[in-house]
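One structure, as structure tokens, below. Some questions next.
Which chain is which? They are A, B, C, D and E, in the order written, and residues in each are numbered from 1.
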Amino acid sequence: MTVSYALSVSSARYSAFLRLLRKWKGSVVKAVWAELLVWICLYAMISTIIFWVIPIEALNKEATRLDNLLGILDIKFMLGFFVTIVVDRWKTILQNISFIETVALSVSTIIRGTDDNARLSRRSIIRYLVLSQAMVYRDISMRVRRRFPTMKSLMEAGFIFENELHELEQTETGYNKYWVPINWCNSIVWRMQDQKYIEAPVSTNNVLNNIRDFRTQLENLCKFDWVPIPIAYPQIVFLAVRIHFFFTLFTRQYIPTETEEFLWYRCIPLIPATSFFLYLGWMKVAEALLNPFGEDDDDFEGNWVIDKNIKTGMQIVDQSHAECPILNIDQFSD
Amino acid sequence: MTVSYALSVSSARYSAFLRLLRKWKGSVVKAVWAELLVWICLYAMISTIIFWVIPIEALNKEATRLDNLLGILDIKFMLGFFVTIVVDRWKTILQNISFIETVALSVSTIIRGTDDNARLSRRSIIRYLVLSQAMVYRDISMRVRRRFPTMKSLMEAGFIFENELHELEQTETGYNKYWVPINWCNSIVWRMQDQKYIEAPVSTNNVLNNIRDFRTQLENLCKFDWVPIPIAYPQIVFLAVRIHFFFTLFTRQYIPTETEEFLWYRCIPLIPATSFFLYLGWMKVAEALLNPFGEDDDDFEGNWVIDKNIKTGMQIVDQSHAECPILNIDQFSD
Amino acid sequence: MTVSYALSVSSARYSAFLRLLRKWKGSVVKAVWAELLVWICLYAMISTIIFWVIPIEALNKEATRLDNLLGILDIKFMLGFFVTIVVDRWKTILQNISFIETVALSVSTIIRGTDDNARLSRRSIIRYLVLSQAMVYRDISMRVRRRFPTMKSLMEAGFIFENELHELEQTETGYNKYWVPINWCNSIVWRMQDQKYIEAPVSTNNVLNNIRDFRTQLENLCKFDWVPIPIAYPQIVFLAVRIHFFFTLFTRQYIPTETEEFLWYRCIPLIPATSFFLYLGWMKVAEALLNPFGEDDDDFEGNWVIDKNIKTGMQIVDQSHAECPILNIDQFSD
Amino acid sequence: MTVSYALSVSSARYSAFLRLLRKWKGSVVKAVWAELLVWICLYAMISTIIFWVIPIEALNKEATRLDNLLGILDIKFMLGFFVTIVVDRWKTILQNISFIETVALSVSTIIRGTDDNARLSRRSIIRYLVLSQAMVYRDISMRVRRRFPTMKSLMEAGFIFENELHELEQTETGYNKYWVPINWCNSIVWRMQDQKYIEAPVSTNNVLNNIRDFRTQLENLCKFDWVPIPIAYPQIVFLAVRIHFFFTLFTRQYIPTETEEFLWYRCIPLIPATSFFLYLGWMKVAEALLNPFGEDDDDFEGNWVIDKNIKTGMQIVDQSHAECPILNIDQFSD
Amino acid sequence: MTVSYALSVSSARYSAFLRLLRKWKGSVVKAVWAELLVWICLYAMISTIIFWVIPIEALNKEATRLDNLLGILDIKFMLGFFVTIVVDRWKTILQNISFIETVALSVSTIIRGTDDNARLSRRSIIRYLVLSQAMVYRDISMRVRRRFPTMKSLMEAGFIFENELHELEQTETGYNKYWVPINWCNSIVWRMQDQKYIEAPVSTNNVLNNIRDFRTQLENLCKFDWVPIPIAYPQIVFLAVRIHFFFTLFTRQYIPTETEEFLWYRCIPLIPATSFFLYLGWMKVAEALLNPFGEDDDDFEGNWVIDKNIKTGMQIVDQSHAECPILNIDQFSD
């Protein structure tokens, strides 16, 4: 489930910042604390080793040399450009999450009739659309897959009946079958036109186009799942960040020079740890967004979308079909 | 209400810059001054403590060391990339603020007739559209919520009648019900076609499509409210800026060396305070845009949109319906 | 009027660069020279004061210290990101400048008939469309406003007649009335269909959709005028640049050390002035684009668009209506 | 075939990072290792030469001087901006890979009839669409070209028959002929309407528009192939990276000063090699994406798309035509 | 003509890089070599003058001072952001280059009939569309202008006949007349419907819409030509790069100190020349893309587009009209 915080930032006052920080779910602290702890432990260990084992003189020079060399490993830009690309992709995926209202309202308005045939047809169109969505989401979202591990489980949840599942399995293509329920939808729409529940071909087109748009959004999600950002890009970025901070374990150690006294508080890696925290947090944003249908706190909740769609869709095409209150003369008249 | 300043910058002359600065509402100075004051006070306090308490020699070295380390906390890029993403999102939200004119003109042109039935139907379509918009805006905008804290308050404002509210509450889905008034609209459109107020199915389609586009914009706003930019991203950026300037409280202190005389004017943190001002101001831009329906000076004014839509929509579909002046032969003839 | 230079850069040769520089109108030199002069004068004044008043030793240290501190005021990124956002917005506004050809060709093709009624109706549709455009442009462009300071002036220019203006003023909404002439257009289109000048409802739809697209572009312009880039963003960027170069007035002074001889040519601030010129020029690009309907050399010329639209539109729907040359057998036959 | 890794990154935990690194196919290590090896060998060779041949004093100075100069060759930004542009282009190309489902579902729904004529017509439409796609992909993808080196090979694969190939070859334009099979499709659609397999012209339009959209996506792919990113841009970026690392071969050598002892472990170019690895890896991302229809691990697999389209398309328009299960009363009723 | 290199980079191997470099046409070397030579000559001249004329001591100090000051003239970001904007614009222009296939296929499918009247009408529609395109391209592309310096030359090439040219010249608007041939197209389409060559108004709409889309793309090209990127932006960027490298002529000179011996090989400006080459090359990318219809190697070839469109269009609407091979039972049946 995505983490909402719009109310916390309704103004740009200082308290907004604090309210934002207080959130734990999906927060950067939650994402980073474990690795930060590991890093600090490693830092402490190396610190101890260095202190007891190696002559100070030599150390000092090496650290400076390495730190200079490290300058070239500039991870800011890599991260900045990479996060921008990942956020862009994440936004496009968000836009392709399809809600049922548009197509349901179209079906309900254009396929008229309150007899059982019309009602069942409209309900089945909605069910098939959500079935297709569920089939797609099963393949791209871990959470939906866990809820519906097999097609059988979809049957138990009532999205598909045995005869339909049988027919679906009969369809042999060797490729995905997300289109099969959509095909059933189209057949129902056509039959409705034949049986004069739809007035004109131009109205049929309206329904068909809305069904097509719903399917296209699902197809886009499949495309995004099929072709992720080329693997080498996240690899290189995530590696760069980790290598950088691995080196800082050594280069940012406090090494007292011989001539000056030992200052215990310099052993506290305050600023190195802070920058580790900030950059790793930034990287985690990218890592969490890379697979928006994954299991992070902030990932899209496919199950919720499916449940909302079947419930809302049924309500629209059946109970609320052709419903209209008695019109009153509004007070805006003058 | 957004702050308009187009006239102030109609040319790129120097005076334009001054006119721009004079604006107070929504200005960066208004957003930053409080925190700037706090920062300066803290700076002064620390300055005093340092001066009386700690030996100069030690201080000097620490400050230099910290300042060097701080270099890695480069907040420029984080801010730059983050602001770009936030502005992009803000722009998309702006594009999804829906005005009623398009759909009202379509309704007025296509649903003909000046009898009470036609007029009431057209008026109700507009009312339902704005009702749906008000329901959505209540859930995403603090200001609209304050104006309409309950559905009852919408009834008092005349957007919904008691029987309609009753029917709305009867509709049980467990999810949002923004679609219910749209469903009523569609029903009215269909009835109008049945009663021959609309000439052809193709014209009905035109109205239905415009209603659908209006609803889609509302749905997009809901989507943007439902899935904000992942919380970790603003957290990390806002933290980075604040941590950076917390450290500068210490590293940018004036610490006289023993060998040179004390220069009182070096105690004035002119440039550190300026950079605090500029970066915090930049960050405030992001903070204000993060929730464009919030309560900042520059946020979108949902209430104004709703009032404009109901007023303009009613005017278009009722008083101005089918209105056309007597055509005159224009002077562009030759 | 925008400044065209496409021909000057038709190839990437060196001469192209020179031709580009020769342009004065809209050029960066024209935008920057005044402030550059002021800056140089200030620089000279401060230089003189410093030379005669303050002991060299002290100065030298301060300048170095300030220059180091100044490093953090990095204006490159602010400018870079800001210019990108401003250019993006400017491009979107450009795309929403509407030319009449599309809707005029549609009106001319679909509303048939050469009698006075048909001709007058087609002409009036064009006139009303351009009238709506002129009303919008009056409110967003300084130049169009100066040309048409009142609605009366629109009447004198022939865009609206007295009876129409009367009807327009009767329409009382409290909000903008850009939609009123569009409403008249729609009424005319519908009347044309009733009177059988339009063959089928599907053709009517075609005209209505083109009129809607024309109006939507006007609405988008209004939106962009209503919601500018939040004022804090330009404020912060323009302030940052100016503060930066105010400080350089002091930190980039030539301060001879005591041990070395005075070198007069070091007093010439060659590189500081050059960087002032370049960054201020970059900023001016942003400043000029911020209000594309303003009065800079490079701003869009609304008056020209209005004149072109009324002239071209009338030509298309009247004189050139249904015009088609006698077809000849072309030489591409074989 | 593209490399999928969505499951590996379903959460932002540390293990996700390791799973990501374990991938070999399409990985950055696979892309970089050879050049990395060459670089290390060269480094070692130069190291040896330097050690035995040149006096240390001189070397030391040169290396420092060169390293300072090298600072200006900043490849980070070039790479960052270039990769962003390349990724953007790659994304657009991905969006123009066309799957057959939309058009096949439209054909199947609108062209009714189960007699041989209807079935053959529907099948041929699909075949011609995929044929056109195969002809385009042959010209832009190395892999598809290898599979179908000649038009004959397309005939052998069954995408085109001898008489069709003959007709195709008769069509003489001197330009590409991707449109010829689409023209055949349109002719079939029209014949179907004449023979009353399609109910209304508005339905014909629906099919024609879907065919047009399919063709437009192919045309876009051709456009992208015809006009690549101007060659000078990749040249300059790839050169910059290679020149940079060529120079580091010399400037990053360990040159012991005379006064200090020789430290063997300083000869290991740990950080120079790491940065070589990271930047070259970043560049490889750009290089691999530059031609998304090439032969890299991560490139789009045109052959798979063609096979999927012909198989799925045939299934939809023939076996699954008008198929609809017996509707059951679903459990969502209440 | 654009320079194609997709095959050279079909994989990300090292050889791909070499193949890419071998290209001369449109290459960065071709664009830069002349200015590079000039720069090197100037460098050598200044080097000589410095060596013989000025005392070494003074020089050394000045060079260091200038080099430090130069740091602020950071051209990387200016170039990076500017190139991104220019590439974005160039991509949009590419998308607006219109090919005739879509509209030709629509005309051929919907306007039926094989008699001379139908054939001539279809051919004329194509001719008028390409004529309009040629008129637009003449005004935005140097190469097309050279081919068709006058309207007469269009007549000689067969795109327009004398009577048509006469009619075109009669149309007096004072503005561009690109719409005139489109108006003729529309008239022909309408006449075809009157004469029953088109079956239904909905089909007429299909053709009209495709013609409109073709014209809109031309209008967009005109818009982009009318409103270039504000001239101040390229001016400032191109100036910045050139000023930067003008200064490096002085600051990057080898100036031997008195205490050390003269090293002749330090006079070779290896790295300064390399960076001149790389940055100038990067700038040339922007310069070449700034006017995509210019005369650079990589610019769009308008003449080729016009020739292809007239040839392909005629083929589609005439010779290939209603052509469809005898359908065979394909082997994908099972």
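Please note the rule applied: contacts are C-beta pairs under 8 Å (C-beta built on N, C-alpha and C of every residue); 3 or more make two chains touch, one makes a residue touch a chain.
Only a predicted model underlies this, so the values are computations on that prediction, with no experimental measurement involved.
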For subunit A and subunit E, chains touching each: D
Taking a step as a move to a touching chain, how many steps at least join subunit C to subunit E? 1
For subunit B versus subunit C, which are copies of one sequence, does the interface use mostly the same residue numbers on each side, meaning over half shared, or is it different? different
Rounding to the nearest 5 degrees, give the angle of the rotation that lays the CA atoms of subunit A over those of subunit B. 70
For subunit A paired with subunit C, centre-to-centre distance based on mean C-alpha positions, whole Å: 38
Note: subunit D sits from subunit A at a C-alpha centroid distance in Å of 24
Can you list the subunit C residues in contact with two or more other chains? 31, 77, 80-81, 84, 202, 284, 288, 311
Indicate which of the five shapes (line, ring, star, complete, other) describes how the chains touch one another. ring
In ring order, starting from subunit B and passing to subunit C next, we get B, C, E, D, A
Using the touch rule from the top, collect the residues of subunit B that touch subunit A in their complex. 31, 34-35, 58, 65-66, 69-70, 72-74, 77-78, 80-81, 84-85, 89, 120-121, 123-124, 127, 140, 142, 158, 161, 163-164, 167, 171-175, 179-180, 182-184, 186-191, 201-202, 204-205, 208-209, 212, 215-216, 219, 223, 225-236, 238-240, 242-243, 247, 284, 287-288, 290-291, 293-296, 310-311, 314, 318
Given the complex, residues on subunit B that touch subunit C span 2-7, 9-12, 14, 16-17, 20-21, 23, 26-29, 31, 76-77, 80, 83-84, 87, 91, 94-95, 97, 99, 101-102, 104-106, 108-109, 112, 199-200, 202-203, 206, 252, 263, 266, 271-272, 274-275, 278, 281-282, 284-285, 288-289, 298, 300, 308, 311-312, 315-316, 319-320, 322-333
